[in-house]
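Both complexes below contain subunit A, partnered by subunit B and then by subunit C.
Let's look at the complex of A and B:
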């Protein structure tokens, strides 16, 4: 597909307008540069459904971003804002003539307010940067399994599922103020930013809480403008000021102080047992991390080479030992005494729920090299290693118990679609959030990265979604975004209506990443 | 535990085991590029190692030029598009910059190896050589290329000048391996050997070796360039010519150990020569590795207390690029030895920068950037010097003529002063 359908004169006119706004070096239309902005790890590029953008622009700050958005409106050209640009499903252009608004020149941490526990950040600040600065001050923020090199703002705007969600909730609930260039070029400041653009301590108001506009099932995907500044909550952290890490890549280990942090991996006979345990831990209001990982996660995050991955898999090292296991990390937030208290409570819960710890040798193999990725992730991108990519189906966001049913029906599909789905041992990921008040599930599995295998699978998954809809199954969006999401999100969430309403009000020219969200043109 | 025969495994066996052996050809380049997941790991210091927001980046090229095309990920996208014919080599003059601004420091390569089995630096070398096949060496690299072809060194110097540095050590017992035998060859390298500014370092090293009665020899006028500069700048025929000649010469002389003070020579002799079919009958050590053994045995007799605080800059080619790649194996390099030596010098306090070992920030001097993209090389060096200053150190110590030259060039014109000193020059000050 061509990356533009306008004539050269029009192209030059737009180029000139961008260059006037940002300076020549901050605007590119060169094919070699465009080539780096359209995917890929999930299917779009592999399936030939994405196209290079026509321009990439690098604005610095809110005013320059506003200038770009206004130019986009003037010429009616679609734009897509990107952070680290990892989520190619929604950030790779799939229509000609798109402008990528790359936030690389917006990488400042404006402020870390220790007393009030929040940070004010720009879109390219990585989660690892924010972690490092927060940790120095005894504060903390989570990271999604996209790894901590991804953008903290994008992470807060996106799914927001992170390791410590059990304790601190999903990322988007941690957003305080937002400075935001709306698709029509107006600037909106929410929370206390609205009173003082330098002050981000308070999230709500004035008036209705507009942060909701940035949310969809998985964020607004750049569909409602560009966030140029965000205030995010930070949380107390009892760990060392510098992240502990020993050894060399790819075998580094990370061990947090034993008098304040612990990891237990507790196994149950079935998924119900595991989820029951998660409820009990939530009810007791203990622990910081509470995750039921699928077997593939143990191997994905741990293996340090393809050979090690598949050899370990063939030996069933993890399959035989971690099925229906829950990882739980206790933190002594306030004191060693509190930590000891939580340990005793956890012990009681394990006993009462009939849990068993996984074998010591598996624990020792896995925990030092891998567990702390759920506190600060560095190995998440290993997910693509075994076969070039992975996919998911059935992503429920509801109660923990609801997740059981959804991921379980997911197994049937996984079996039905294997191959092309590769060996994955019932890949159910269920994370507990807000002390078990809600749960998120995902059914992740490896697929070989070939256009044939992926094309085949995408069609099957689309068929599955349609079948689900016909059967009145209202939960478990999948797989990720694109066609199936479009097919489902409207019916399930009425998100199409909501988004159309929002778009009508703030995006009259439909320029803000239109095609990736719910189709709104019709 | 049983092996399940029914398992559904990837059909492409390269997913089962990365093919690290064999020449790095177009197929391997495509494999590396195709499996890039655009995760951005190659742009940042490994997340577990990030200690501050200020020093969180790993890639000088991407940090400076910002577009994703100018990063490891972007070069994967470029390789894939060029190989698959989606882009043509002459479609965009920026291709030259994307490929050659990069300092070939391997920061991206090391971080990438944390999450997948791949060899980015080899892919860059392949891309550069394909570029050179089509357009010839970069004009900025032409002098160096001509010099290598004409004189077997990169500095347009007559062969006879190679021996100049030993003149002041005449009669002290350095063997000429063209006439005498020794198990140990001291390989000076073009840059230390031919630069008036830098040759003092190798004189100092030779003095330390002689003082400790180490039996070693040199090749004098017969020493050839190791082949590092042509290897990094895409002139692979010259690299091969030099590598084959060198291996044959070392084998013929019966040398068992080669010690070199130059990080660039070290990485090339130790790692890149593995690509040459000619069998190597010798081991390669950096002088720091060799002298560390003497320090451990307390054989070095220091006489003076220096009373200084220093920081150590890890040269890329003796660090993360100083070992052959074995998927899954630690990215080891010569990290501890120079630090041990520094700690052994009386009155030297070593303070570390934030980005060290395999996640060190480059000096800007490598990959032909120093000659090809001077301003960028200088900017990269200044970033490093700023990091060094933040440690409170009075000087930055390293052991690579390229790093020293680049860091000194970067320091020129900076308001705050930060001296760059060679490890062995510092050592000699305390003897």
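Let's look at the complex of A and C:
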């Protein structure tokens, strides 16, 4: 099926309605624009599973967004809200007649309440922008691996396993009040916004918390409407008021004050040793960042080019030196004395657990270029350098203990799927969150961005996910597929009836990015 | 009906005599009594499921109740029906020290939980000196504020098992996958766990819950800071919290602190009222498992720097009361197994009005509350005020306590009128009542039509026959 012809009568009716609501300049149906909106670094466009939208609209604010959603309901046409548009597995149109609601005109930071440590933002505000404004006020926020160039609103609604989540939790714990246009066009305000649209300081309630509809391990993927305003937590930050960058990309480095910030990369003989160390750091309630990165990350984040990556990889610069290593960053939140205290505690833990710091030359090679960058920008965009894209095959969160099994099973699947998976040295990213209460395991790897390799791998991943579901395993990658996955997993984990009921109740015309978050057509 | 109920829970676990029904028809709130037709006491999840199936078949309301101690009217059967008393389901199913979590049934009390965790060197994240016989599960599920604001990730609820209003069993978060440790709250699908929180048992009956625990400090110091005005506490607490200092941190006015301390000082309440300052900030600086004394030292030094800067005086006591530090730490770490509840020591009930706000607005709400109390003829020296900073001081929980003699109809009526008027005034001034009990439900839900409408739609998805605690919230 194809989109309606631009001269089609109904197309013109819809176009006219959008233009009346937003003005001609904020509505497009031009082929060039449409072609820019149906793919990114992910497989759909490469594999030909996405189609161009029929309209792209640029509402400004909640009321204009509401008008667009009501028009979509009137004509029963699907819409997809996009923020920074980095996740085409769900944000690329999968059916004709789709309207992209691009939040490009909603980039305002409405408020930063320095005293009470929260910000109220619109969807286009990037995490980098918010970081910069927060830092000026002695505050900070986390970034997921999608990088700080992504939408802060979308980042909070998607997976959101922040690099700095060890102390401040991950994204889902950091959402406060929300203003949100439901699929039926009603405006829903949650948390303290529900009582006063000017006050976003609290997220829950009143009563049962409707934020639950928006989240889930990978969010609702546009299946439950459009968030137009969100209050998010900010956190006390002991660093400089402007991010201390030197040099130019790709050789830019970030240098934080040594009397308040440090990095240690501590190596263990095996994964169990590394995880034991992470538990001890969490139990001691020290550090701001605690991550066991796989060797492939060290190479990904460090290399400036495809050539440099493969050259370094062949020399085994990182594989031989950082296997089973944990990165720890200490921050002096309270004082220099606190910072010194945490150094002593860390030293005790390293000694007791038999850890060894990685060789100095490797530390000096890697840390200045990449480690501090992880705090603000993360390094996700650098993961495209070796082969144009990367994928993951398992990434659930539970306990640190559980994450060992996750990545070990991941190795086995990586081996089964190589090729097309490229060499990745047993990828095993394990993040520690909430002072060691949670552990996140992820198995990701480079893959050539060709239709053949991606198509082959996508089929394999889908097969793996189906097999996992047969065994009652939630592998963490499934939820990123949205509706397709929930249609299968909902039956296994017994949430399909409830989720379908909710989708039908708030999206009676099924216009909000179908088939997400679950298909309801029988 | 009784025959069928007996078949489900056994003859000995169903109560329908008038004396018992009278007890279950009222609680410590001022909400009008509502009599159930029976009380059943299931022993396990399967029995709960059977009760729900029976309720759907006969369209009988079920009112979940996890302990016999209730202050807010949430377990009064608004539309009649059967009270499901879950106090027999009182097992601590697992203590996972490595991952700092505990799995509990609804009948587990705060005292029981704190006591069981001691030998594992853990503590629960409990509210301020809860009644020791109240349910830890319900308290956490209902989002009662915890005493330790340093955990910026807040909410201690992890995963849970629910008997849905359909009778089906549902597990939230990673508990839905048996290959995990059941620690992570998100999913499956969406964040279902949020719909069962703050729901007053209207969305399902939770039959077990995984909660975060934290280490039990072996070294700790308590500091007390006197203040004349409530508003003067805000800046010190903001600064303390932003500098990551301390563990438990809260503010009590003279009346509540005297009530809390006098529990073991019979007849000493008046003396405490004379000695204590109008407001006291209580801050516990606790050592961590490693180098605890050094940790206390740097946090104490940082506290003193702030004190010097802002000109306040942290001490190991306040008002010259001897043994105060030891007494306070003992109360926080060792909930009594029985005996009177400190908040009802003064009169036989306390009517509390609580809400969420930010600390810089607290003084305004305090002024409003005391003015309103005075206009109803109350002695404002006998009105309690508790301020609990939340999440490093980003927000705070404020609670005003009005002691009330439930045996005096005149006093009941007076406090009830004050309660209604003050609640409405606070709401209109921006106080956020995130847990709308009793008369607050109408006040809150009529101000937010889309939220209310959407919540009703969800309730219909979960509970199409409206059998679970009908009449509560907006249902």
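Rule of thumb we're sticking to: the second predicted complex is superposed on the first by the 486 of 522 C-alpha atoms of A that agree within 3 Å, B and C clash if a C-alpha of one lies under 4 Å from a C-alpha of the other, contacts with A are read in each partner's own complex, and residues count from 1 in each chain.
The rule is simple: a residue touches a chain if its C-beta (ideal position, glycine included) is under 8 Å from a C-beta of that chain, and two chains touch if they have at least 3 such contacts.
All values derive from a computational prediction rather than experimental measurement.
Engineer: Looking at the overlay, does A:308 come into contact with subunit B only (first), subunit C only (second), both, or neither?
Structural biologist: First partner only, subunit B.
Engineer: Looking at A:379, would you say it contacts subunit B, subunit C, both, or neither? Reply first, second, both or neither.
Structural biologist: Only subunit B is touched by A:379; subunit C is not.
Engineer: Per the contact definition in the header, classify A:111: touching subunit B only (first), subunit C only (second), both, or neither.
Structural biologist: A:111: touches no partner chain.
Engineer: Which of the two partners, first being subunit B and second being subunit C, lies in contact with A:418: first, second, both, or neither?
Structural biologist: After superposition on chain A, A:418 lies in contact with subunit B alone.
Engineer: Can you give me the overlap between the subunit B contact set and the subunit C contact set on subunit A?
Structural biologist: Dual-contact residues (subunit A): none.
Engineer: Contact residues on subunit A for subunit B in the complex?
Structural biologist: For subunit A paired with subunit B, touching residues are 28, 30-33, 35-37, 39-41, 56, 58, 84-86, 88, 102, 104-105, 109, 125-133, 136, 143, 146-150, 242-243, 245, 247-252, 254, 304-308, 310, 313-317, 320, 372, 376-382, 384-389, 418-419, 421-423, 446, 448-450.
Engineer: Subunit A touches which residues of subunit B in the complex?
Structural biologist: Against subunit A, subunit B makes touches at 1-4, 7-12, 14-18, 34-35, 37-41, 43-53, 56, 66-69, 71, 73-74, 77-78, 81, 86-87, 91-92, 94-95, 98, 110-111, 113-117, 327-328, 330-332, 357-359.
Engineer: Please output the residues of subunit A touching subunit C within their complex, sorted ascending.
Structural biologist: For subunit A paired with subunit C, touching residues are 113, 115-118, 138, 167-169, 172-173, 182, 186-192, 194-196, 199, 201-202, 204-217, 220, 233, 235-236, 279, 283-286, 333-335, 337-338, 341, 344-345, 348-349, 396-402, 405, 434-438, 472-474, 479, 486, 489-490, 493-495, 498-499, 501-502, 505-506, 517-518.
Engineer: Residues of subunit C touching subunit A in their complex?
Structural biologist: Residue positions touching the partner: 98-101, 143, 151-155, 158, 164, 168-171, 174, 176-184, 186-200, 202-203, 212, 215, 238, 242-245, 288-291, 294-295, 297-299, 301-302, 305, 356-360, 391-395, 427, 430, 432-436, 441, 444-445, 447-448, 450-451, 453-455, 457-458, 460-462, 473-474.
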